[in-house]
Every structure is written in C-alpha cells, then in structure tokens.
Amino acid sequence: MTTALFSVAGAVAVVAAVVVVVSRRIVHAALWLVLALGAVAGCFGALHAEFVALVQILVYVGAIVVLVLFALMLTKAPTNPLPEITSGRAPFAAAVAAVLALILGAGVVLAFGNEKIKPVTDGSATAVGTQVFKNWVLPFEVLSVLLLAALIGAIALSQRTESAQRKKED
Amino acid sequence: MPLVLPLLLAVVLFCIGVYGVLARRNVITMLMSFELMLNAVNLNLVAFDAWRVDEATGQTLAIFVITLAAAEIGLGLAIVLLLFRGHGHVDADAARDLLEHEEAS
Amino acid sequence: MIATVWRVAGVGFSLLILLFAALLHGATPDQYAFLNSQVGDLTIGFAVRNDDLTVLLLVVVGVIATCVQVYSLGYLHQRAASYHALVTLFTAAMVTVVISDSLFFLLIGWEVMGACSYLLIGHYWERRDARSGAVKAFLMTRFADVGFLFGIFVLGLGAHTFRISELDPARISPGVLTTGTLLLLVGVVGKSAQVPLQTWLPDAMPGPSPVSALIHAATMVAAGVFLIARMYNVFSAAETTLTVLAIIACVTMLFAALCASAAVEVKRVLAWSTVSQLAIMFSALSLGTADGRHAALFHLVTHAAFKGLLFLCAGVLLHQVGSAALVVLRRYTRRGKLRKALQVTFLTMTVGLAALAGVPGFAGFFSKDTVIEAAWEKAHDGSGVGWVVLVSVCLTAALTAFYCLRLWLWTFFRTPALAGGIGAFEDGDAAADLDDPDSSKLRDAPWVMLAPLVLLAVAAIALGYADGVHLNWAIGLISTALVLLGALPAYSLWRRGADPRPILLEREFGVDPAYHGLVVVPVKWLAKLTVAGDRDVIGAYVRAVGRTGMLASQGLRRLQTGNVQTYLTAAVIGVVALAVLAGVIGS
Amino acid sequence: MNAILLAILVLPLLAAGALWSIPAAIGDRLAAAYGSVISGLVLVGSVLLWPQNGGWFAYGPQDAPATEIDVAWIPSLGVRFHLGVDSISVPLIVLTALLTFLCCLYSLKITPRIGRTRSLIALLLVIEAGVIGTFSALDLVLFFVCFEIVLIPMWLVIDIWGDHHDPAGRKRAANTFVLMTVFGSALMLLGFLLVQRVAGTLDIVELTSSPVAGGHGIPLAAALLIAIGLAVKVPLWPLHIWLPDAHAKAPTVGSVLLAGVLLKLGTYGMIRILVPVLPDATATIAPYLGAFSTVAIVAGSLACLAQTDVKRLIAYSSVGHMGFIGLGISTLSPAGLRGALFANIAHGLITGLLFFLAGAIKDRHDTSDLRTIGRALYARLPRIAALLTFACLASLGLPGLAGFWGEMLVLLGAYHPAPWLPRTTFLVFMVIAGLGTVLTAAYFLRLVRNLCQGDPAENPPAAFAVDLSRIELVTWAPLITLTVLLGVWPGLLLQQWGAL
Amino acid sequence: MTLTLTWTDWQAIAVPLVLAIGAVAVLLVDSFWKSASAELRHTVVTLLTSVVILFGLVFVWAHRDDFKPAFCRPAVEGPAQCSLVFEPLTAGLWAVLLIGGLGVVGLSAYRLLAADVPIGEYHFLLLSALTGATVLAGARDLATLVIALEVVSLPSFAMVALRRDRRGSEGAMKAFLVSVLSTAVMLFGVSYLYGVTGSLYLSTIANRLTGLDPDLARVAFAAGLFVIVGFAFKIAAVPFHAWLPDTYVGAPIEVTTFLAVVSKSAGVAGLLVLVTSGIAPTGSQLRTAVAILAAVTMTVGNLAALRQVEAVRLLAWSSIGQVGFLLAPLAAGDAQAVVGYLAAYVVVTLGAFGAVAVVQRHRPGGLLTDYRGMVRSEPGLAAALIFFLVVLAGLPPGLAGLFTKFAAFQAVIDAHLGWLAIVMAVNVMIGLAVYLRWVAELFRLPADDPFSVDIETPAVTMISLCTAVAAVLSVLPSIMFALAT
C-alpha cells in the first residue's frame, strides 16, 4: 500500500521536476515546482514522516514558492516562452547529471539493494520535537541565528542605498 | 517497501537538480533546482530514518534542512533582486563584469 | 725609479745566490723541514737541503742570472721594472727547485718558473708571436706538470713521504716506482722541451734574448735535468723509465739537431740546439750509472755557459742590428761589416759556437766526450740502451757541428758564390739580398752587455778543464772526426751559396700543425659545443620550465571565464573526477 | 666566546635594520662608512673566534664544538636554536666577514650607478648575517633558515643594482637564481625531514655522533635530496645554469659575495651535513657526485674558453672550481675533504679578487664584453691588468698561490679515496680533473691574451680610464696578501684541520 | 522533553552566544541611534564589536587548557556523543578566528570602510558569521557542522553585496550559487553518511566506519567525499575555486579581507574537525582525496597567480595556493601544523589586505604597477607589505611563514606522502615567483608618480599590529604551534 502510494508520488515528483528544469516558461516552472514539492511531501507521508511532510507543504509550498513568484514578478520575468532558457551547455549538463546519476544509483543499489523498510509509525511531531529539544538543541539554536542573519541580510540588501535614493529623487 | 526506492528517487531528483543548476541561465530557476536537490536530501534522510527505526534523527535533520533552505532562498532572492537592479537581468552567465583584464604586457 | 730599484734588486739577488753558494760550499749535506702540516697520515709542507748538487746548480744559476741581469741593464729599457722583477722571481723559483727537499716545494718553484717564463716570453705583448709563444709555453709545460703532480702522488703515497731525501726506492714497490717515475718524466719532458712536448721552446723565442739565455742555460729547461739528477737513486731503480728516457732523449737529440739545421733564425737555431743538447744530457742520465749522471751534470754546466753566451750574443745582434734572422743579418756581411762592427760579439759568439759544436779544446768538447765515454762504458757492458745512446750522441755531434758552422758562416761571412747565394733565404724578393743597408750606425753593444759575454766566453773555454782533464784519446779523436764530418758539408754548401732546407725539416716534422689539429681545434670545438649545450639544452630546459609556468598561468586565466555556470560545471566534474582518482590512488 | 658568536650574527642584522630606519637622505659615503665599521667589527669578532675553536668535531671522538649556543626554539617541531663553531666553520666565517668588509669599504668610493647605497649596504649586512648563521648553525632547520636568509637580499641586489644596460636580463637572472635556489633548498628541507623521521632529531651534533646508517632506502633518499639541494647552490653541473647570468648581471659587490661566499654554503653543507650525518648514503652517491663534479670541471672550463664576457667567464670558472671542491668532498678522504675546505677559502679570496677586477674593468668601460673593451689593457690600465694577470694565475692553481693547495689536495684525495669507494673510478676522475686544470690555464691565458695583451696602437686608451685607485688598492690588498700567504703557508689553514 | 543545559554547556557556548548577542546589540544600537553623527556611531559600533570579540579572546585565553564537552548524551557504544567540544584545538581555532575577526573590524573602522556600506548591518553580519565560525570549529556532529557552515557563509555573501552595487551583487551571486550547490552536495553526502552509520555524531561515525562491508564502505567513501567537497567549495580548493577571484574583486575590500581571513579559516577549521575526528581516520582514502585536492589547489592557485596584474586578484589566487598548503598537513591529519599555518596566514593576510586597502582607496585601479616605488615614497607601508608577502612566500625574514611551511612539510613527510612533499617543494618555488613580482614592483625606482598619501590612523595601527604580531611569530614560532596543543 505504502509502496504503491510512494511510487505514484515519486513518479509525479520526477515528472514535475523534469518539467521544472526544462520548461521554457519560468512561471510555469515555478508552478510545476509546487507540484514536485507536494509530491515529495506525499513521499514523506508514505514513509510515515507526516510531520516532515506537513512542514514541507507549509514551508515550501506556502512560503518559498510564494517568495519565488514574488521575485519573478519583481524581476519582470516574462511569462511567455523564452527563446533561450538554456545555453549550449544543456547537453553537456545533461551528460554530467546522467553520469552522476549512474554512479550514485549503482552505488546505492549495490549497498542497499536488499534492505527493506518496515512500516513503523513514529513520524509523529512528538518524536521530532523530543529529538530537537533533547539532542539537537545546539543546531536548533544556531539555525535561529542563521535565520535571523539571513533575514537581516536580505533586508539590508533590499534597502536602496542612500546614493541611489538620492538619484531617484533627482 | 524496498529501501532503494526512495533512495533512487532521491538520486534522480538530485541529478535533475544538478542538470537544472548547470543548464538554466535564469538565477531563479537555478534556485528552484537547488530546492529539488535539497528535497532529494530530505528524501534520503527520511528514508534512512524509516529504515533505521531510529529516534527520528533523520526527520529532525530534514526539518533543519527545510529551514536552512528557506533561509538560503530568502537571502538568495535578495541577491537576485540586487543583481536585477544592477544588471537589468537575472541571467547567471551574462554577469561577467568581474572578469579580469588582459595583462598589459 | 721603481725600475732602478728592481734593477738593483735583481743584480743583487743573483749575486746573493753566488754568495750563498759560496757559503754552502763544503758544508755537510743537511736537510731542514718547515711549515709542515698533517693531512690524514701524510705530511705536507716544505723542506730544503744542501749538498754538492745544490751548490753546483746554485753556482750555475747565480752566474747566469748575474750575467743576464747585468746584460739586461743595457739590453732592455721598456717596462724594465716588471722585467727585472720577473727575472728575479724566475731565478728565485729555480733556486727553490734547486734547494728543495720537498716535492711540493719543488713543484712550487717548478711551476712558478713556468709562470715567469710565460710572463717573460710575453714581455713584448704587443707582438702576436710573443703572445702565442707565451701561451703555448705555459700550456704545454702545465700539461706536463699535471703528470708531474700525479707522479708526486704516486711516489709520495708509495713511499709515504713527500721528502726527496726520504724517498727510498727499496721501500717502494716496483710497479709504483715505475709509474711514479714515468709520470715525473712527463713533467720533465714538458719542462725540458723533449719530444713530444718540444714545440713550445722554439716558439718561445720572441721573448727578450736575456730571458732566453736564462731559460735555456740555467733555469726552466735545466730544471728537468736537475730533477732527474736529484732523484737519480729513484730513477736508476726504475729500469723501464730509464729505457723510455733513453728513447725520448735519442729521438729528441736527432730531431732537434735536424730542425736546427733548417732553421733560418739565429735564436731558433739556438733553441733547437738547446733541445738537442738537453737530450744529450738526458741520454747520459738514462744510462743509469754514476758516470752518466756525472757526464750529464758536466754537460749541463758547460752548456749553461756556452748557451747563455750564445743567446746573449744573439741578443746583441737583435739589439744592435734589429733582427736575428739570417736573411737580415746577411745583408750586413758585405766586407765583413758585421763582424768588424761587432767585434767582441763576433769573437765571443765564435767561442760559443765552437763550444757547442764540440771543437776540441772548448768546454763542449770535453763534456760531450764524457757523455760518449759513459755511453761507451755502458754499451761495453752489453747494454742496448748504451749502444743506442752512443750512436745517437755521435750522430748528433756531427749534426751539431753542421748547424753551428752553418750558422757562423751565414751570419758573419759573405758567401763567395754571390749569385748562388741569392734566394738562399728569401722566398720571393731575390734582389733584396743586393740591398746594402745603412750600416753606418752599426756598432758594438755597451760594456754592460759585453762584459757578461766575455765572462761567459772565458767560461765556455775554461770549464772544460775545470773537471780535470782525463780525456779518452780514442773517443776524443772519433768525436773530432765527427765534428769535421759535420763541418765539411756546411762549409761546402756555404761556398756554393746554397742552403738546402728539406721541407720536412723546415716545417719541423709538422708536429705543431698536428697538435693544433688534434688538440687545439677539438678543444675549441668542444668549447663551442659546451656553450651551446648550456644555452640550448640545459638552459632550454630551465627556460622551458619558466615558459610552461607562464603558459599554464595563461591557460588557467582562460578557464576563468567569468561565467558562474562554467565554474559550477567544473566543480561537479571535479567531484566525479576526485571520486574516481581517489578510488584509483587508494586502491 | 658565545657572546662574540651571537654578536657577529646579530650585529649586522640590527645594523641593517637601523640603517633602513634612518631617512633615505643619508649620504652614500656615510652609509658605506657605517657599513664598513659594522662589518669591520664583525671581522674582528670572527677573528677573535679563531683560536678558541677546538678540532673538527664532526669526526672527533664525540667531542662537541667549543663555542656553542643551544636553546630550544620550537619544541613542538623539534627545532633548536643551536649555534656553534669549529675549525671548519671559523675560516669560512672569517672569509665572509672579510669579503663583506671589503665590499663595504669598496662602496665608500665605488658604487653601482643606480645609487641607493644605503639599501645596498644594509642588504650586504643581512647577507653577511645569513651566511655566518649558516656557517654556525648546528640545527638542520636553523641551517635551512639561514641558508634562505640570503636569498631575498641577493635577489634584490641583482635585481636593483644589476647591469643597468639590461633590465630584463638582470631581472631574469635574479629570478632564475632565487627560484632555482629555493627549489633546491625546498628539496634539501625534505631531505632534512627524512633524516628527522629516521633519526628523530634535527641536531647536527647529535646526528654527527650517531649518524644515520644505511646506504639505501630512506637515508639514500634523504642524502639525494640534500645533495641536490646543495648542488644547486654549489652549483654543480648541470644545475649551474643560474650562475653565469646571476654573476654577469650582478653588481661588483654582489658578484664578489655571491661567488666568494654564497657558493660556499653548498659545499659547506655537504661537508657539515651530508658526509657526517649520512655517511653510508653519501658513500653510495659519492661516485655520482664525483662524476658530476668532474664534468663540471671540464664543462666549466670549456665554457670559459668560448666566453666573450669577462664576468660570465669568471662566473663559469667558478663552476669549474666548485667542481674541484665537489670532487674533493666526494672522495670522502681526509685529503679530499681538506682540499675542499681549503679550496673553499682560496676560491673565495681569488674569485672575490677576480670579480673586483672584472668590476673595475667593467666600470671603466661601461661594458664587460671583451670585444667592446678591446685589448692591450697592459698599456691602458697597467696596474689593473697586472693584478688581473696575478689573479688569473692564482685562480688557475699556480703552486705558491692559494689556489693550488686546494686543487692539489682534491686530486690527492681522488688518487687515494676512502677505502669503500671505487678507486679506479676516482683515478679516472683524477686524470680528467688534472686535464681540467690545463683547460683552466688555457682559458685564463686566453683571457689575459685577449684582454691585457695586444697592440696598443689598435686599442687606444679611453679618456676616462684611470688606473688603480687608492680605494681599490686598499680593498684588494688583503685578498692579494692572503692569496700569497695561503699559497706559501697552507699550514695556516691545514693545521686547523690537522687533528683528526 | 525537557531542555536542560548544564554549566559546562553554557561555558562551551559562551563565546558564540556572546557573539550572537553582540550582533543583535550592534544592530539595535545602530538602528535606534540615528541621531548620532556617522563618525560617533561608527566608532561606537566598532568598539562594541571589538569588545565582544575581545571577550571571546579573553575567554579562550582563560580556558585554553580546558576540555569541555557540551550538549552531550550517553552513547549506546563508545564515548559520549557531543555536539560541541571545547578543547585546546578548539581554543586555538577560536583564537585564530577571533583574531581574524578583530582584525577585520579594525580594518573596517571609520573612514576605512566604504561609505555606502551600512555599518550596523555590516557589523551584525560580521558577528553572525563569527558566531557560525566559532560553532563550526567546535562542532562535533554533522548537523551542527552543516548549519554552522551556513551561518558563516550566508552573512558573508550578504556582506559581499552590502554596497548594493553592480560588482558587489555579481560577486555575491557567484559566491552564493556556488555555495548553495556545495551545501546541497554536502547535505547529500551527510544523508548517506547518516544512512550508512545511523548517526550524525562524528565520534560515532568514526567508530562505525571501520568494519563496514565493501559496498557500504564505497557509499561511505562517496558520502565523505561529498562532505569534504562541500567544505572544499567554501575554502575554494581547486576545482571548486573559480568563484573566489571574481567575488574577491567584486566585494568591498574589507569584506574581501573577511572572506580571506575568517570565512576561509572557518572552512579549514570545519574540515580539520571533520577529517581528524570524524569521517577520515588515518589511512582513509579520503585523506588521499584531500591530498590530491591539496596538490592541485596549490599548483593551480600559484600558477594562476603568476601573471595577475591586479593586487587583489593576485592575493585571491595566492590565497588559493595557500589553501593548498593548508590542506597538505590537513591530509596528514596534523592539527598542530594546520592551526599554526592558519595563524600565520590570518595575520599576514590581514596585513596584506590592509595595505592593499590603503592603496586601493587612493588608487582604485588596484594594479600592481600602482605600487611602484613605494619603498621610497611610503617606506613603512612598503616594508610591512614586503614582510607580509615574504611571510606568505615562506622565506626569511618571514620566518612565521617559513616555519608553518616547514611544519606542513614535516606533517606530510611523517604521513609518508612523499609525492605531495615534492609537489609542495615545486610550489614553494612558484609561490615565491608570484610574490617576488610584487616585491620587485615595490622596489622599482624611479616611478613617475610614486604612491604617497597620509595613511589613516586606524589603518596604520592595524598594519603595524599585524607586522608586530607576524614579527613576534617569526621570532618565536612556537606560539603558533602551541595554539592547538
């Protein structure tokens, strides 16, 4: 049951991801990204990591993609297809990605080919919360510094410089 | 469920992300590809967590990674906007102001 | 001012040598070592000794040096300071050789002589022949000295001492003895201009004549004879070496005498005669007997007197006439102008040539007879070496008489066959012989130059009797006959105004061009090759490294495209490559 | 004594610092006078060290150097600040101090055209300190550090004060010099570290008393690396390629110090470190070292025969002479090693003199090209030409002058090498080296013939050509005196190394 | 589910905590004190930042010999698993990082920092990054390590673009993209390491890595490689270096200094922790990989620097070369040599960038030829700069550089990496050629218009301090090597 669910979600994720990176319309790509991320969240659910799946939907779909769309808007990204979304590098990039996939895939299959995941349901928020506050206090705190720094940094960068402001006023 | 299933999915997603990063010119699309790669990471973490029957260490790290991604994308988009303000576009491979000058001699 | 100081110092020093010799005369033989230091288990340092040989050579050196220094006062005015200083140093170096009891001390004198001769031969450095003659003299003797040095090593390590007086042939293994003496012989051959290292001595003639006198009579070349005499116990124990020495000596004496017969310049004739006479001394030494040594030293002394005399006479000719070439001198022979103007010179030179030729009654006659006698005795004992020496010396005696008379006649006398004489020495300008040069200013040299001549002329006669006359009449007769045998053809050729010089002899057997082709040219070629190798091979590698670095730098700059996606691609490829590479290296 | 040793090391450094810290406006003359005083003091100090030193500790029965300073420096790396002198280092220290002193004295009147004498003097003092440090270092790393100290100052000396006709050339020469030497010394450092890995210490005294045994494997690798590193400095053929350019382009005082002192660092290192610390491995590489040295003798001489630049010629002659020293070391015999040590000093004196003379000739003609200078120097500059002839004779190893004894002992050593070396091979080296001396004579005579002799009519004197000046006489007199003194009394030095 | 922090925990995180609090305080002071003049505000901010960092230094000095494991839990097997360990090595790394930070603060004093950089945000970001750096150096689990690395990186990129101009944004963009990719790669590696070993704690991972079956070991190797590569991006090891020159040139020079000093040191510190106490035990193939990285990095960095004509770009490439030298002892696992090298590198890089900043403020071209004749016109500055360059080259009189290189050689030789030692020897030569070009320019006389200005007092102070410290380290190099023991 979970396997089937996982397979479906996974297939959707892969298809959506491929569209994200090949779509000629950037806004479409962003929307397909929503689908891909949602599908991954589905996969999490199938693996009984419901809390992670929830956070994934909340943070990614709810926040990150919205941010991206805003950015697209602000950078006046054209909604119509672009003539040149990829450069001549694309085939080469594809080859590199394929080789990497082959190496990694082979390694993974060789290493974990016989392992099975037993369906256990401990993906509760309680377990994760316990972990965070019992064993992972330090990274959690550091993460808060990171968020703050990133926030302030983003704000600082988004402010107009005084000279630019003056130029605008002129 | 075989463990390789999520792992292979992660590999595929990761490599799609790599392809996107290397091939797409638009910085925002590149950022989206990064998100795909990070999702692959999370998939791995959750899968291993489920396999290990652990104390949800993997899931915890996955949560951290999601947060980290949010921070990254926030700052990244700020930089992208700044780039757009300066250059008028957001093409990664067209921003080449900093290319060094040829030696005079 | 400085020149005067050096002049006085020079004369004073040579007189000092004589005084020193007088003081040492009769003293008991003794040695004294000083400034020694240990190197490993070897002692390296200096030592002096005195014995009869030292005193004898000191006298010879002192007399000749005094004559030369005094003579030079009148002879030389250009750059006199350095000249007298060098002559003094030259003499001092010979004295070092003579008094030394340490092989290294001896070597110092030995090579300083070489250096001084180089500088003195090159005294007229404006002249091309002087420059090249000087270089040649130094390089050939230097080459020989390397052998000498190795000889010192072999003998010194073989006997575990570098003291001459401590070299005991009985304590040295025969092989080492032979090797060592042969190597020393190389040095001797070079220094005394024996075959095959003979070519430098005739070419050293552009030097000032007094220097030639010094080199040929008392220092430099005589040092070779002295050395073998000094180390006679060692040499006489090495049979092979003596045989080699005999062969070299016999070849040299004939070779040099033949060359002398064809030379057309007074000093060159004399130079070759020196080579020849030295070879006679060596042949006497090669007999390995006490008589032989005695004969050689006797000849050395008489030779010093008459050869010094002859070179000083040639110097007068050069000084007064301006040239010592037969072709020039001949022009002054009309009505005996030359011999009348330079009367003292003529007379003393006649004495000198007579002594050289071995005319009975003169010193050379007695000393040469001593050599022949020693050879005869050795030959009588059934020694092949003795026979060879005997025959060679006899032949040489005849040849010597031939070239002496030839020189004497062509220099001072007008050939009766005037017409036939034209073209005897000139190559192209036959009529030049008929020119009558302005000889009004031709007069004899000042007394400072003539006094040494007279002194040496007296010596060239008297020394023959100094040893006490104990003449073997048979040998005396034979040698007189040989002199006549040699003199007659010279006279008859001169009468006919002919001077046939076989091309082989005139070119001195082509040794010089051969050496040039075999040594000088390849060395020059190698030198060019080395420079090219440094520049185009070793240097090229170094430059290539530098250029590679620069090119690599340039290439890396190309990779820096400014395109961030190139960077990312390179990075991802780097990851894959690193994985593969580390896997390969690790396993 | 320790105080003196430390003083002669630190004084030049401090003095150089002080000289730099005063304004640039200080007169050239004053700077040179200052340098002369300082280096004179160092010279006095180094001479005072002379009588106090014991024998040659390296081969003595576990005796230590008489004068030594030993403090821990970097304990975690095993590096000590260990200085000490013995009879093989003191003569070299005195030579260094003497040449530096003479260079400073010379700069009183004669300086490179570009000026900036203050900095030049300061750099000379730094070089002096570095060289003295190398000669007195008893810790491998300290040796390495001092070995490197001289590089940048020397590089600057060549790069700034070098031949002003050829800026690109002098830059290239300076760079080649410094880069090759640095590469060599880096390899040497690797060798030192291998020694440390095997022996566990970097202290030369300890290493000498308990040397690293074994002639293959890591000791051999260490010996090879050290030998190559030092050979670059010596320089041994074919690593000599930096030398002719560096000498030809360097200013006079630079050439004098470079040839007189810096080259000795390499040979000193071989005698101080290679031979006693890695005896077995050194024996393994000795025949090769000897072979390359012999080639250096011949190749250096041959190259000299075809040179047209007087400074290059003298530079190449150094290759040949250093070849003799290398050969002496490779014989591992008492005579050979002493010969090498003696030749070190003699070469320093004679080549120093030669470079002073070449500099004098170059200054007077504004070129060092033989063809441009012309001939008949005897007529134009009789005294300088005479001194040049003297120096050439000394350099070609004329017995009775200092150059002879070193070469003689080296050849003697080659005739009788250490018993564990192949004797026949060394006999061949001896013969070739002996012929090399003839070639040496040949090129020096060629130099004299092409430069000093000649027809004065065809080579008119230049208007400004002044013969020997007083400062030149004063500067060169000590070198000449010592050359003669050591020539007639080699025991002066040989006795120092006598007690085995 | 109780959050309990012991006294040891508090002590161990005291420094990062104070830094973080200081960061916020600085931001608040700047934001809510708009009335003050720019100079006063800048000075107060600088002082506040310095005090915070100085506190860290004092703390480190006071506890230099302590061993404080923090955020621990008992492990199933082996020793306790801790997230952060304060030990002598940590103290040494923190000292280096904090000194670097302090130096950057000093070089960013009033009138030195570009006027269009907002000072509150600048110092906030600087302190945040420093917080991350300190945590990174003490981190002993992969989660902390990764997040701390991000805390170092993200503020740095923000700082690069803080001038909000074309060049800065381009530089930031390049650095950011590379960094994000590296984070993704590293996290991918972390996820596999977790999968293979089931733990994120370095000590546990190290335990479990031994005795894996070959298939898993292969995955573990790839994972470890990914993690190392993540750090290699941050420290700009070749071939992950290409962003660095562009970013260095694009950023304000003070930020470039920060990147070269703090950011890079933090990366090295993290890698050191990772390699020595975690994923790459002695004999691991990963060390070989690091050695290869070291060889390639130093060669490429030095070679590329050989022909640069701009001062900053030359320093950028040479810093890549220096990282190669840092990686060499790291591959040998010699923490002492790494920390010593880092210390010398930090001090002289600070000084060199300080000197370059002085020149660049007056001659924006930034070409090497601008330095022509400086020994005569600005002898003090020139002498300092020459000293720094010589230390970087590792030649006397820069003994600090020489001995750190020596220690690196020693480490490599002791680890039997002969080939790497030879590569290093070659690179010593190339590196020297790089720096000598610059030194030659300084000495070249006469120049038509030699550089000569009144140098700002804080710059003089900072450069003098760096010179003094480098000189002391040259005379007493044992100080550097005592940092990590």
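Letters A, B, C, D and E mark the chains as written, and numbering starts fresh at 1 in each.
In this text, a residue touches a chain if its C-beta (ideal position, glycine included) is under 8 Å from a C-beta of that chain, and two chains touch if they have at least 3 such contacts.
In this text the structure is predicted, and so the values were computed from the model without any measurement.
Comparing per-chain C-alpha centres with the mean over every protein C-alpha atom, the closest match is chain D. Seen from the C-alpha centroid of chain C, the farthest chain centroid is that of A. Look at where the CA atoms of chain A average out and do the same for chain C: the two points lie 100 Å apart.
Centroid to centroid, with C-alpha atoms defining each point, chain A and chain D lie 69 Å apart.
Centre-to-centre separation of chain C and chain E, using mean CA positions: 78 Å.
Centres computed as Cα averages put chain C at a distance of 37 Å from chain D.
For chain B, residues that reach two or more other chains under the stated contact definition are 7, 14, 17-18, 21-22, 25, 31, 42, 47, 51, 57, 60, 64, 68, 71-72, 75, 78-80, 82, 92-93, 95-100.
Residues of chain E found to touch two or more other chains are 143, 147, 150, 154, 157-158, 161, 164-165, 173-174, 177, 181, 185, 195, 222, 245-246, 307, 433. Under the contact definition stated at the top, the residues of chain A that touch 2 or more other chains are 87, 89, 92-93, 96, 100, 103-104, 108, 112, 130, 135-136, 139, 143, 146, 149-150, 153-155, 157.
Chain pairs that touch one another are A-B, A-C, A-E, B-C, B-E, C-D, C-E, D-E. Those residues of chain E lying in contact with chain A across their complex are 1-3, 5, 13, 16, 20, 23-24, 27, 70-71, 73, 83-84, 116, 118, 121, 124-125, 128-129, 131-132, 135, 139, 141, 143-144, 147-148, 150-151, 154-155, 157-159, 161-165, 195-196, 215-216, 218-219, 222.
Considering their complex, residues 35-42, 44-45, 82, 104, 107-108, 110-112, 115, 118-119, 122, 125-126, 131-132, 134-135, 138-139, 142-143, 146, 149-150, 153-154, 157, 523-524, 526-531, 533-534, 538-539, 542, 546 of chain C touch chain D. Remark: chain E residues 173-174, 177-178, 181-182, 185, 221-222, 225-226, 229, 233, 238-240, 242-243, 245-246, 285-286, 288-289, 292-293, 300, 303-307, 430, 433 touch chain C in the complex. In the complex of the two chains, the chain C residues touching chain A come out as 565, 569, 572-573, 575-576, 579. For chain D in complex with chain C, the touching residues are 176, 180, 238, 241-242, 244, 299, 302-307, 333-335, 338, 376, 378, 386, 389, 393, 398-400, 404, 408-409, 411-412, 415-416, 430-431, 434-435, 437-439, 441-442, 445-446, 449, 452-457, 488-491, 494-495, 498, 500.
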